[in-house]
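Structure first, then comments.
Lettered A, B and C in written order, each chain numbered from 1.
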Amino acid sequence: MAQLILRRLFQTIPTLWLIATATFILLQLIPGGPFDQEKPVTPEVKRLIEAHYGMDKPIHEQYLQFLLNRLQGDFGPSYKYAGWDVDEIIAQSFPISLELGFYALLVALFVGVPLGILAAIYHGKRMETLFMGLALIGICLPAFVLGPLLLLVFSTELGWFNTFGWNTPSDRVLPALTLGLFYAAFVARLTRSGTLDVLKNPYIQTARAKGLKEHRIILVHTLKVALSPVVSYLGPAVAGMISGSFVVETLFFIPGLGSFFVNSAFNRDDTMVMGTVLFYAALILLFNLIVDLLHAWMNPRTQRD
Amino acid sequence: MIKVKLEKEIILKKTQASAPTQWRSFFSSAYARIGTTLFLGILIACLFGPLFLDHSYESTQLELGAQAPSYNHLFGTDTLGRDLLIRTLIGGRISILIGFLATVVAVLIGVSYGMIAGYVGNKTDALMMRFVDIVYALPFTIIVILLTVLLGRSLILIFLAIGAVEWLTLARIVRGETRNLKTQAYVEAAKVNGLPHHKILSKHILKNLISPIIVFATLTVPSVILLESIISFLGLGVQAPLASWGSLINEGAQKFDIYPWLLIFPSLFFSLTILSLNFIGDALRDHFDPSK
Amino acid sequence: MQFPLTVTLVTLVTIFLSISCTPNRTNVERGLDSQELFIGIGSEPEGLDPHLVSGVTEHYVLLSVFEGLTTVHPETLEILPGVAASWDIADDGLSYIFYLDPKAKWSNGDSLRASDFVFSYERILSPKLGAPYAYMLYSIRGAEAFHKGKTKDFSTVGVRAIDDRTLEIELESVTPYFLSLPTHFTWWPVHPETILEHGAMTDRISKWTKAKHFVGNGPFQLESWKLNNAITVNRNPHYREAGSVHLNGIHFMPINSETEERAFRAGQIHITSSIPTARIDWYRSNRPQNIRFDPYLGIYYYLINTSNGPLKDPKVRQALAYSINREQLTEYVLKGGQKPAYHFTPPNTGGYTAEAGFSYDPEKARALLAEAGFPNGQGFPTFELLYNTSESHKTIAEAIQQMWKKELGIEISLYNQEWKVYLDSRQKSEFDIARAAWIGDYLDPYTFLSLGISDSGNNHSHWKSDHFDALMRATTQTLDPTLRFQLFQQAESELIEAMPFIPLFFYVRSLLIDESVQGWHSNILDYHPYQYLRLEAPQQP
């Protein structure tokens, strides 16, 4: 186990370097710069502005400087928001996204897993259709539909929740549902098929024959194996959830990281793009490592290679 | 009694080999029948429905504006006075086409990539999975914007762009399951018996991967349909006045408390398609269930 | 096996009930007591340094924390004293002496000196700073030469502190509207000590605009700035007229249009930055007292690449212009009270209103197209109409595409691009027809018509006319308003005749405002000083 973690941590450095380099190249290729506007400044002024950010140097120098700065943990100033540093922005908005993502994960798990198991238990019966229909809500109604619908019913009409903001505990409910139900659909469907696959295995038949109670069988013996695809799915999904969702943040006016992800690309805010990409990449690597550890725990034999 | 039953089973087993009977057994499931009927209904409506409608999907009637459903406009009209029924049907052609092609691309790449990584293991696995991580982390928006600039605009490109992101998660799932299956006794046994790798992969491993693959594929279709509207937003893909379900739903969601029909009808088509696909998926899964 | 479901349901319901207590009083209700204003500004400001920003959003915020030498009354638009309590104008009109208000202080209590203005103007005019709007100060003698690097000696620029309270500004030429210039944020002073504490004078990357460092001189002072959340300003006790300020604080919130409107309906913000088009009819019939459509100094037009095939022919360009039904467009598509445009300069720009240069005339449009060799649109190649991605640009383009198809029988395909790619395509002339807009910088027709000058960096049409250039040059060489307006009218007619830009409509600024906001006056400058606002329950009629 320790060896696996060590090996993976070792792989992290070249992986992040490749991601950074690829992103650097993409940013060089993409048309439009951070200081282009509808009313363009004169080329002379633009050159002077770019000089402040070292963008007047040859590409290879910029690249080396960029690598050097990253190594020192310096992500530089945002091109778009004067006075703000990239790490400052991430530090301000990530805790909010993390919190939202955590609640969304709870929704995904507490809605998805029970629905999936119930559907598997009632396999072939009418109830199964009901459970699976419920699970699909998050897919049939994407966030940009579900969010306004929830807001209409629970905020505008019933007045239970604020229409926007991230201030009171109740402000967490609607965004978490909007974000979480999408993932819940995947979790429920994968749980159901995983449970069905496991239930037919000989050892379950043995357990049944031994007279163990049905729910004990399912909880103790199958879940660990049945949830294996769910775990694979959740690795990158959790990284996505906690790094923020542009749609949900915009709908509910939540100051999370997701809108910086999307807007930094539109603004050509190169330093911000690089900061968010590397941050997201680190999250992905981390959660995929956790997934592999979980797999190893759930099925120790995969450890051997 | 027992003898008769045995004979029956033997007969059943024999007939399973022939394709028509396989389909018959597939359609013996209510899920399969409902799902297939629903899906074919939507497909036919989208393909041929517009031929029977007098309205055009692009002609505007500005004075008319957004009108609630009526006899003349069964689904109502949008804010430019265009018939929503024909826009939904035409949009369906695009969305279903994109949904399916991109999903096929994603499944083909994702499954083969994940199986190879999981089966070979060791350094290859690590390398292949880190590659997945890298692609996963790259800024999608910027890649799509670059594609619009480098390659112009065409539907084919949308499939490529969408397929290029959707296969990643599937590859991770398949790889995780392959690693689990690889350690099962029967796979070990097959290896010891000298069965070639490609046979083991296709006979023992792929067969057991069918469930998650089908689940994932049926959920990828709607994801792709919605992703298309985001990609069109970036300038790659379907151009106005053509619409897709994604863009219609997106537009409807902004106005639904005033013009609810703008959201309801496209969403209904979209949801029914998802539902039918999941029914078909469930039936297929039961049909291919390795334990049967 | 009901166990997990039951538990989940019970837990969820409990959580729901425990936290979904009815929200307290709304911000609007609270505002009556607390005098705190909540205002939507649409998007996040790019900064709070008045020398570096260029947008409308930033202006909304900066107006609360800075003040220039002069101010404008929001209702009458007359020039009022600001930091300068009074001024003398030399007989030749080339020199202004401003006497600063002895009460004028910075928000940290330092008194505001004339030398602070000299520092500020040197800063914004220093080429190294790269201030996007430095040209707004070009009316100062020697400012342009200094900004363009022709001299490094700032003493050649006509700004001088005679003593702590007296500032002299010398002009390059007589500028009748000079006293209105210091109302623009480029002319506002910055606190030299704060700037220098956080870097050199010309550093762009500086922390001085952070809430904990920020020093301004407006009626309010910066309390906090949280990205994508709110910029909060509080009453500035050192403001020269602190006693006359009613509001205790303002929260500027960068909320997008739909969310903002929802928040307004729920009574959570007082003023929005826009109204979603689909909602306009609803407000018209249900809450007409809350909507405002203010005239705005801007035009929406289609830019034609006149170096492209049949688009080279002015007849074709005119045919395109004559066949668009602008009344229909503004009434049924835009709905926000926008004015159809039949000339290029918005009406009443500094007193000038152009004559309509053309009309909606499909007959004439068809005739023109036939003259150009495409009767009934036959043989007309398929052109592309480029717009940057946005719901409203798309809708307008779809409507116009169909008008052209119906009236002229020509096919135009639509193409959208992401904003920066679109800007790039325009710059490189990779378009046939492109959606475009122009917002005036100051109240003078020159800011609009100069777009057609051959060497204007913003004229992407490739249309050139020596005569037009000469007319525009002539307008800068006279002070006689009648003559200037005649010259502008001639230039305008020539521009419309050649039609490199197809005018579509003049912008309005549409917004929602709560009844309790008193002292908000509509004006073409979109200038709403916050010291005039107060929150008060409206009197029942």
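In this text, contacts are C-beta pairs under 8 Å (C-beta built on N, C-alpha and C of every residue); 3 or more make two chains touch, one makes a residue touch a chain.
Being a predicted model, the structure only gives us computed values, none of them experimental.
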Name the graph shape formed by the protein chains and their touching pairs; answer line, ring, star, complete or other.
-> complete
Comparing each chain's Cα average against the average over all protein Cα atoms, the nearest is chain A
Quick one: report the Å distance separating chain B from chain C, using the average Cα coordinate of each chain.
-> 46
Taking each chain's centre as the mean of its CA atoms, chain A sits from chain B at a distance in Å of 21
Report the inter-chain centroid distance for chain A and chain C in whole angstrom, where each centroid is the mean of the CA atoms.
-> 37
Multi-partner residues of chain B (each touching 2 or more other chains) = 145, 149, 254
Return the residues of chain A touching two or more other chains; collapse runs of consecutive numbers into ranges.
-> 31, 148, 156, 266
Which residue numbers or ranges of chain C touch two or more of the other chains?
-> 258, 418, 421
Touching residues on chain C, where the partner in the complex is chain B | 258, 276-279, 281-282, 328-329, 332-333, 389, 391, 394-395, 397-399, 401-402, 413-418, 421
Mind listing the chain A positions that touch chain C in their complex?
-> 31-33, 36-42, 44-46, 48-49, 51-53, 77, 80-84, 89, 92-93, 110-111, 113-114, 117-118, 121, 148, 151, 154-156, 159-166, 168-170, 173, 214-215, 218, 249-253, 255-256, 259-260, 266-268
Chain A partner contacts - residues on chain B that touch it in the complex = 121-122, 125-126, 129-130, 133-134, 136-139, 141-143, 145-146, 149-150, 168-169, 172-173, 175-177, 179-180, 182-183, 208, 211-212, 214-216, 218-219, 222-223, 226, 249-250, 252-254, 256-257, 263, 267, 270-271, 274-275, 278, 282, 285, 289, 291
Using the touch definition up top, name the residues of chain C that touch chain A in the complex.
-> 1, 3-5, 8, 11-12, 15-16, 19-23, 44, 46-49, 52-54, 127-132, 134, 148, 203-210, 226-229, 253, 255-256, 258-259, 262-263, 265-266, 268, 418-421, 423-424, 427, 437, 439, 457-458
Seen from chain A, its contact residues with chain B in the complex are 7, 11, 14-15, 18-19, 22-23, 26-27, 29-31, 132-133, 136, 139-142, 144-145, 148-149, 152, 156, 185-186, 189-190, 192-194, 196-197, 200, 225, 228-229, 231-233, 235-237, 261-262, 265-266, 273, 276-277, 280-281, 284-285, 288, 291, 295, 299, 301-302, 304-305
